[in-house]
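Next come two complexes built around subunit A: one with subunit B, the other with subunit C.
Now for the complex of A and B:
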């Protein structure tokens, strides 16, 4: 006996979960696709986006424009994205250094960077969990049957949809997009054909940073940010990427969607198995379909 | 168990302290400072002038830091207060701080404190994963160690059943779930309901499992098994989930009357904020054993009103009321002056630990006439009762749970207080500790499923359908 309201809320939760996971995973896949670097630092960029909104962005907006909803929805995530793009720019030389080096170098450097970022968060923002839920609260809730759903989460879902669309346009309809995809297929050939590969790499790293920062910035008002979050997100992001397929745009979406559906179903039927089931699926996919469910497509 | 036997058991425990020649206290309102040892020697040996060295170990990063930071601040405040007043018998206290992390790493840092830093005593630990790891090492290295929290029942029931060197300040873990459930029954008038539908959400590790088991058995015993129906149970990984929305939906869909929870730190922050957006708090009462316990200014800033506010069965800075209990008032004021925030359970625990050391050293000096050896200090500590900010706190001298400290627990209702700018504990209900923990000398065996003596003790000795407090 399941009520309609329940079903609607669950589907809504799945879309929200998919949106958030996609915003984390897509940048990870972009960098792997183009540079063949498994960027363990990536979740720290998402976390930096969260910290920027909670510890800086919302404060700026409120002091300049007062506590009104529209600017709070739009501006803080953009500030977060900007800050993360700057951070990406700072670490970009390391990515150039790492590309073409062995896996162990990449793992050590990117994981080391993640730990450094965590310490920087601690230095700047301290040890307490931070939040800035003004937008989440002001947006209020919608009534669906006997249930309430927060309007803010709809905003996150719509933003993610728009980003998917823009990203698709960028990758498939612009010159730089074509170059990014070409580099991901054969970077030497792309270089040999006269493309400025270094510029392509720079754009890729900054784009991944932009998406992570924006994602973190959009997510934060509905949750809080704390130290250690990067490490937890790292695990989740990798499950998404393994399920969807490493290095694939479509795979990021498929992986995020499957993980969200699995979460909702396990929590509904056997909540004790939540994480276990997600890992089991990841293991099965690694064993039987290592290219992931994204169809093994590059893009 | 009736009130009379509870008190007698408590007193029986205190006899051990008397024999050991310790300072003797009585739970309740009186404090006797008698010493059942030979009269103090007339001539006292000079006390060394070198400083005493304390080792502090606390979470300074990660999700546990909102407990670790106040714990460190509580210890440092006590040390600074003591130093300002001339130290312990004229000896100043110096301190070294090391991080608490994973059990393996925490033990390594502990060894560094003892072997390299050569500390005289130790104050530290929040996690119940760490006390069972450090406890045996403290015994091996023979270092006087006060564990502030890490309150798992297993430590003194099975890992170190006969400790010499380690003590623990915070109430035993089972008391946490039991007091929250009793508080909920009283404050929400659950005895009057025909049926109570309960949902559970707890972090998936020893602490969450322990809280779940003891809340549940308390509800079943006191309300009666037939009147309690568990409609949903979930155990999200500790600090592994930031998006609780799927849990929230399932909890609402299961239509419980109360939601019992031991989520803490960032988990409880994320959970209640998201739950507000889904209207969860209008549909049920949230019964938390721990949400208000640490850093309430951050953890429960805009927590909804009228739900059960648990403080880990330990301390909330407004109680005992300041005008009636100046020790608490002074502590809160000094802590606020030093750190710019209000003290909480871990801060109070660490603060008390340092003062316990001071009191034991001074009493031993009175008896021996010289700076005491560690064994003399331990003899003084065993069975001792001192007055801390939270009220009288007693150190048990005999098994089971030897060297565990006991003080009355407190539970209340949450209410936002504009004077402080965060949710505080109101309508306090004091839960006498002697009624909810296994008495000294009880010879039962730990429950095989829940793993604790407290669980078996409740199952075997509580009467179904009767409120024990």
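Now for the complex of A and C:
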């Protein structure tokens, strides 16, 4: 007999996982949608966000504003997002180079970048896992039956919801958003109609980087960051993208949710086989519904 | 002369053997001067096999695998398990065992993954390799976890080598591996030049057209995948015996990166590419290992190779030789 408290905790973990995965997957899908590049480097941006908060952001906030909760909740993720946007800007020329090239070139170049990022993390922050759980601890916990629910994680879920809303507004209600969607449908036609496609590509890459950095910044206080995390996230984010459908905005959401549910269930029943079971589901979906569960719609 | 050189860096079997023969001849001298470099050459010889397999899959079939460490791991753990649980330390049996196990695993996985190409194939391979790596980690009561499986010295033709000094032992390993590599290079040459190999190239160059002329693309890819896995598995078994230690590291994604990088460096689509790639990679690695940020260099190299010299070193040498011939003609 499973207790009510446990059910609440599990459901709440599913939402937390969904939020985090969504912030990674949506950027992956944005870049694929517009540029037709599967950006293997993308999870490294999330990891960079984590490292920035742990190694830089929290320290800055504490030294300038003292250890108080509100700035610790808001400022470090924004610093992380800023750093990742700068990193995205640095690699942007490579993305322009790759956008017309074959899949192999794209895979190899983004893979090379992933290797570089992993070592840059080691160069700057060393091999030890980093934590910065001040905000997480200060926010405290709610008690449900015998279980504790960290308030911080609720903050992450709410932030992700607000970001989804803002992203939706951006993509559907602003001019640049309409151009991004138009480019993802037919980039040549968009260019022919006089849009500055290069600017659209730049905004897409920066937006994806911003979301990944913010995601990493929000995620870190509840966990720790270590080397090799980018690859683990890549493996997970890719299942999300396969399940939801490559390049689909709605799919990022559906995929994140399903993967979180699967993870929660497998971690409960067969912790050793977590990844294996998730991948079996991904392969089944790719076999029977190759366009993903996002309905195959672009947006 | 120039014609021969030009051929050497293209699709020519003999130049592979000449290069191997030169290395086999100079190896004792290099080992005598510095055992460290002798061991580096030993690594070079060992990895040629896996790179040949990777090149069959990527260069000739067009399937880019980011998870070749999977099969290196299978090969290495097969050797490790054979020693740990069955007490077998015959290197020939380890190799046979790893051929069998990597073929079986490749068949099971290949039935699913070769249906996909490009992005999906690349990342599925990465993910499956990571799954296996995590299993080696988590089932530590079987695999020894991070401590790995320690192995005794291998025996060859039933002769134990325990009593030998390390130098002689390493020489035996080196020449045994060179012998094996020679055979496997010959076999790979027969494979890529057989109707099967040409079919693979046809599929790589134009999948739709290949399908129209009645080629069973899926089956051909599966065969290439299994052969490639067997080659990687053999290297895995050899590496296990060379290091006498099997740890999950061999199945980690960085090992896959090493395979991708070394093959690209030598040159894909060119038969001698893996041979050149393996040696040059291990020479660079032995320098760069002192510098711990080795992945950073590797990543930067991958990007530079892809953008600046897609044919790798073999391609550069070929172009160089062609330019010599050209200038010779003008002069004459």
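As a working rule, the second predicted complex is superposed on the first by the 294 of 299 C-alpha atoms of A that agree within 3 Å, B and C clash if a C-alpha of one lies under 4 Å from a C-alpha of the other, contacts with A are read in each partner's own complex, and residues count from 1 in each chain.
Quick note on the criterion: a residue touches a chain if its C-beta (ideal position, glycine included) is under 8 Å from a C-beta of that chain, and two chains touch if they have at least 3 such contacts.
Keep in mind that this is a model prediction, so the values were computed, not measured.
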Fit or clash between subunit C and subunit B when superposed on subunit A: clash
A:112 touches, of subunit B and subunit C: first, second, both or neither? second
Subunit B versus subunit C as contact partner of A:122, first or second or both or neither: both
Contacts of A:279 with subunit B and subunit C, given as first, second, both or neither: second
First, second, both or neither for A:238, with subunit B first and subunit C second: second
A:148 touches, of subunit B and subunit C: first, second, both or neither? first
First (subunit B), second (subunit C), both or neither touched by A:99: neither
Touched partner set for A:226, first subunit B, second subunit C, both or neither: first
Contacts of A:9 with subunit B and subunit C, given as first, second, both or neither: first
Offending stretch of subunit C which, after superposing on A, collides with subunit B (from 116-124, 224-232, 242-250 or 278-286): 242-250
Contact residues common to both interfaces of subunit A (with subunit B and with subunit C): 118-119, 122, 228, 232, 272, 275
Touching residues (chain side subunit A, partner subunit B) in the complex: 3, 6, 9-10, 13, 16-17, 20, 118-119, 122, 127-129, 131, 133, 136-137, 141, 147-150, 152-153, 219, 222-224, 226-229, 232, 263-264, 267-268, 271-272, 274-275
Subunit A-touching residues of subunit C, taken from the complex the two chains share: 58, 62, 64, 66, 112, 115-116, 118-120, 122-124, 126-128, 130-131, 134-135, 138-139, 253, 257, 260, 264, 292-296, 298-303, 306-307
Subunit B residues touching subunit A - in the complex, by the definition given at the top: 60-63, 65-66, 68-69, 232-237, 239-240, 242-243, 245-247, 249-250, 252-253, 265-266, 269-270, 273-274, 276-279, 295, 298-299
Sites on subunit A touched by subunit C in the complex: 38, 40, 94, 97, 103-105, 107-109, 111-120, 122-123, 228, 231-232, 234-235, 238-239, 242, 246, 272, 275-276, 279, 283, 286-287
